[in-house]
């Protein structure tokens, strides 16, 4: 992967501030673990309150964390005054989200002035064992100067 | 759309019981509104605890409800002893999930012995105005006789 | 579906001219059957030169026709000076593309200044029987004033 | 990536034979370049007969090659008597397919008894410069003992 040159040297502070405004993250127990130019990692403990019918974390909750990981990965490379919106994403569920703890890795595949494409991977961790359980591809849009959706 | 003939005449009871086991639904305030052969409708009020950074419902939360709507739409047509798993889904975010209340409509496009394809639509409601805000296409798998993933 | 108001009253002529420049269409035997505001229909006869290993039309060829149907559906609603690019698409293959003739229907779900979302359906026809065999969801981008990608 | 253990030691011969039956490959000038357990590489020269309206290779043609690359990557790990079907795929178009020659890399992310998930990447080559232009995620199904779709 190429290294990316962020346009905004203060991108980490911008991601931290925006992440705090995503109330869904705190409500689901999702935390921001790492922010690099073009890459973001989130984590979530198992929580029996957010499962599907078999007791595994609901696919949509996994998608929520991956969408934020991908969205913020893209946001690291956007200008300081930009807002980021997800246009679409797709996930493949490789295995049930069964584990004690989950990590979510989003990275930019192709940054662009208007459109940025990211990929995400979610891992389930149980003791010393880690397993890739969900993959995502996501398309983001950079918005500049639209009221009501400031970053 | 063709009418579907359910294999299990008790499909409604089966969906209701499985939905109750999805703890994510109660935690997010998502309710089961309607169950027909090949079609399911869910609803969710706006909840400031599950938003993204602009105060709209997080795309992943919308995906969570749509995934359940699609999954249960498919599940209505499966045999009584089957379990349902989502293999993959894609969502397109047509507009921010801004509204007082949201409804989620999942329907079967193509049922199959092993693979079922569904489509979902999420609407945002504000006063008398309703707006299509998210679309989903989802692929489900029918599982028979796999331990640990009973319906 | 709402009726769409095209920005360019000459949209049909614009689609016809652009379609002729898509050499892939003539090479695959795909024809433009119908153009309405927000909707396009294409057709293709069965051709043994474009199959997969079981003798059915290759999924990618079906995707090629659907991508053009969706892209031109979106293009009908764009300004006269715009170019259209597909950002991403997803297809679900509901059944093998087995038939004498195929039709491809693209329609706009959500037009936008920059981003347009379309859905496509491909049908296989054999005698009097028609069958939905592929669905597509596609995201398009409107480009204005980019050299080298004029419409 | 983990190394995969093929179930059929003769997998290369099986892929070569099936590829020859995909008439679409020869018609589009797509060749089989490399076959490993869980990985397949295809190539295609630029061909003015398969472009979109701006003279670049049509997105659907790129998808056709990537679908075959992913499908055969999955097929390498299937039993000798199996047939492979694509259930769905999604592509992201990162840049126009502009180049003298294109290569298509498919690899298995998660093999399974029934469902296999693959990822694909298409590169455009122009002189000494190579560029990632399309990514794919695809879901395959292993079919055993279905008449009419032998491998």
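Order as written gives the chain letters A, B, C and D; numbering starts at 1 within each chain.
The rule is simple: a contact is a pair of C-beta atoms (placed from the backbone, for glycine too) under 8 Å apart; a residue touches a chain by one contact, two chains touch by 3 or more.
These numbers come from a predicted model, not from an experiment.
Minimum number of contact steps separating chain A from chain C: 1. Averaging C-alpha coordinates per chain and comparing to chain A, the farthest chain turns out to be C.
In whole angstrom, the spacing between the mean C-alpha positions of chain A and chain B is 22.
Each chain gets a centre from the mean of its Cα atoms; for chain B and chain D, those two points are 32 Å apart. One simple way to say how far apart two chains are is to compare their mean CA positions; for chain B and chain C this gives 28 Å.
For chain D, the set of residues that touch two or more other chains comprises 87-88, 90, 92, 117, 137, 139. Chain-to-chain contact here is organised exhaustively, every possible pair of chains being in touch. Residues of chain D that touch chain A in their complex: 90, 92, 94-95, 109-110, 117, 119, 132, 135, 137, 139. Residues 87-88, 90, 114-115, 117, 137, 139, 141 of chain A are the ones that touch chain C when the two sit in their complex. Within the complex formed with chain A, the chain B residues making contact are 18-19, 21-24, 27, 48-54, 58-61, 63-68, 83, 85-93, 96, 148-151.
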